[in-house]
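See the structures that follow.
The same chain A turns up in both complexes below, where it pairs with chain B and then with chain C.
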Partner chain A sequence: MAAIYSLYIINKSGGLIFYKDYGSSGRMDTNDSLRVASLWHSMHAISQQLSPTVGCLGIELLEADTFDLHCFQSLTGTKFFVVCEPGTQHMEGLLKVIYELYTDYVLKNPFYEMEMPIRCELFDINLSQATQKDRVALLGR
Partner chain B sequence: MQFFGGSDISPSPPAPTASGNNAHMMYVFNRNGVCLLYREWNRPLHTLNAQQDHKLMFGLLFSLKSLTAKMDPTSMDKGNLGVPQLPGQGCSFHSFRTNTYKLSFMETPSGIKFEIMQFQFLGRGFGENIRFVQIILITHPKTGDLRESLKYIYNLYVEYVVKNPIYTPGAPIRCELFNTSLDQYVRSISYLLFKPRPSGTGDLVLQKAYSLMLISIIKALISVSKSVVKNLGSRDILNII
Partner chain C sequence: MIGVGKIKQYSNVLDKPLSKGKQEVSSSAFAFLFSELVQYNQTQVDNIAELERRLEDAGYAVGARVLELLCHRDKGNRRETRLLGILSFVHSTVWKVLFGKVADSLEKGTEHEDEYMISEKELLVNRFISIPKDMGTFNCGAFVAGIVRGVLDGAGFPAVVTAHFVPMEGQHRPRTTILIKFGEEVLRREARLAVPCDIIGSLFDFCVCSSEHGNFNDLVKAIIATPVDVKYTISLHPNSFDLGQDELS
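Let's look at the complex of A and B:
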């Protein structure tokens, strides 16, 4: 039983730069994940336009019938979102941790080109540790 | 006969006490994306004109539905992204939240067989899917789960609009009774919005309070009885002797 189904990172123009699947049935192929990511980017932008009050920053949580989608947007417009089981706790905390890992292991990597797909071994290793179930539970403390 | 469980609408929803400014606005769309109803209670910001706003809202919901149908991690065979799906088919969503508002969404399944029978009876056109609507309620972001409230609003729609003989299907709703009952209902829920959903916790608090009260009463009784015994001991026993 996986609490987290998948993780996406999209750059500020809506291109998918990182996608990881943690065991959802019916895994998406590369093209579909790219499409879904850019669709999410535009939905996020439209939701800001429909706000009844000023200062809307886009969708933070989407509750679907079979999953929850938590989204975190960094100040530079990079969006991180996880798809998890309905009602999973501490996902905001997890997204902040992933953002920290991104700044540490991707942005500080001298060989990484901005806005390009992420291929950093250290990021992968640390990410798989952070998304382990017991670690996520600790974020609530 | 109604789609959702409850046989009829309770005669009078709770009386409004607080001014309803936690609910921002509400949309009702039919299947073709025509905005049947738009109510606004508290909306300081208008970025677009009304028609474009409705179009954008319908488009957002349509795309989010195809997104959730495609993303569904539990089903094996999902069609391509954007494949048109019948209502009730595929994974849909019931709400999303931003930092300034929460949008709750409900879509009624079509039930085509039932429609035809009903409209034959009412003498209206075949297959006019009047009962198929999408109800969207936009509230404060801290609002809890509103699925039950949306079902209630749908019941109001069935009672006051679908069963209204002079209402033409597909036209914007101009029904005074529906509007007033809707306003009243939204106002009545808007002061409940911040409370947690009814659960066992409230009862627990009450139980604790009761048990504390009981303990203090017992303590008081014991001290009274002690003093009575003391008094007995000092005076009455001497008198008896």
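Let's look at the complex of A and C:
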């Protein structure tokens, strides 16, 4: 079972509202993660413009030598993306699960301000459960 | 458009039977509505205590209505008059209608006689809510506490009801406890309602001894001496007393 390195959630204007690091080596500092987030936001937007096909929704998967980056954009423009080991399975499913957790425990929380960094205990608890390896493996079924 | 035929059938709302209706509503719809309620109230207050009070007031209105409806629907226009009766009514009937299940537990406070607790492992209103650290012990269960207060107050059991988080051993999330502290008058009345057996008992003793002495006046004096608001019924056996005509009048 391949590992997830990190998870990002960015709001519709490209600001990083949630970041979680799962890797044990090569941790990024806060500035780097903010940079990745806004960079990805721009690249995603540019890819939509440059795409030769009509109705392109932006990059869904970026494959590199050392990592895969899976991205899911919700209807409101919030983007969820995970950086993981090359060839990791079920990442689209995981992103949908995370989106569901976001709508449940973040958007239904009266103390959360839209577009602001996510600080919700329940979201953290449920997210750590969802990203457990055996749970992710079950998504394939 | 499915409902059109039904609406036509009962053009007058008063003709419509007071059925149980649909028992389920969308949990998401409720969660968003409740979240909006909290957010609106947050804009109207300066401090957390006031927010808690406003949520409680919102719940109070719900409680008063729920009591009315359930008494009519489930209890044939009767309501509980005893303390334990109304508590179990809240714990089971009210909870089932509002949250689809009976509350996890109903306990009597260990330290105070007038305190009762209804505990819930995961309160419906708190299911999606994380309290920020800077809000301290604030609990959105204040709304449910308000509902309980509304029911109790409407039934004639004025009480102070508050919601608290109680950490549980081995559990990640604290449970919510609704603490009910009844007013003094409620307990006094409850004590009085429990008394009649004793009074009748002592009167019975009195009857026995007065029948020996045959003095009806003493019995009448004893009855007058007992508190006026105590209700009792005494049936006298005609042979128990040696009644003279003059004494009866």
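Keep in mind that, in the parts below, the second predicted complex is superposed on the first by the 138 of 141 C-alpha atoms of A that agree within 3 Å, B and C clash if a C-alpha of one lies under 4 Å from a C-alpha of the other, contacts with A are read in each partner's own complex, and residues count from 1 in each chain.
As a convention for this text, a contact is a pair of C-beta atoms (placed from the backbone, for glycine too) under 8 Å apart; a residue touches a chain by one contact, two chains touch by 3 or more.
Computed from a prediction, not measured in an experiment: that's the story for all the values here.
Chain B and chain C, once both complexes are superposed via chain A, fit side by side. In the superposition on chain A, A:V136 makes contact with neither chain B nor chain C.
In the superposition on chain A, contact is made by A:F123 with chain C only, not with chain B. In the superposed model, A:V82 lies in contact with neither chain B nor chain C. Chain A is touched at more residues by one of its partners, and among chain B and chain C that partner is B. Note on the composite model: angle chain B-chain A-chain C, taken at the C-alpha centres, equals 150°, rounded to the nearest 10.
By the document's definition of touching, neither partner reaches A:I17: not chain B, not chain C. Within the superposed three-chain model, A:D65 lies in touch with chain B and out of touch with chain C [touch as defined at top].
Of the two partner chains placed by the overlay, neither chain B nor chain C lies in contact with A:L95. For the three-chain overlay built from the shared chain A, the minimum Cα spacing from chain B to chain C equals 30 Å.
Residues of chain A that touch chain C in their complex: 104-105, 108-111, 119-123, 125. Interface residues of chain A facing chain B in the complex, by the touch rule stated above, are 5-6, 24-26, 28, 32, 35-36, 39-40, 42-43, 46-67, 69, 83. Here chain B touches chain A in the complex through residues 24-25, 42-45, 47-48, 53, 56-57, 59-60, 63-64, 66-68, 70-78, 81, 91-101, 103, 138, going by the rule given at the top. Contact residues of chain C toward chain A in the complex are 28, 31-32, 34-39, 42, 128-132, 135, 140, 172-173.
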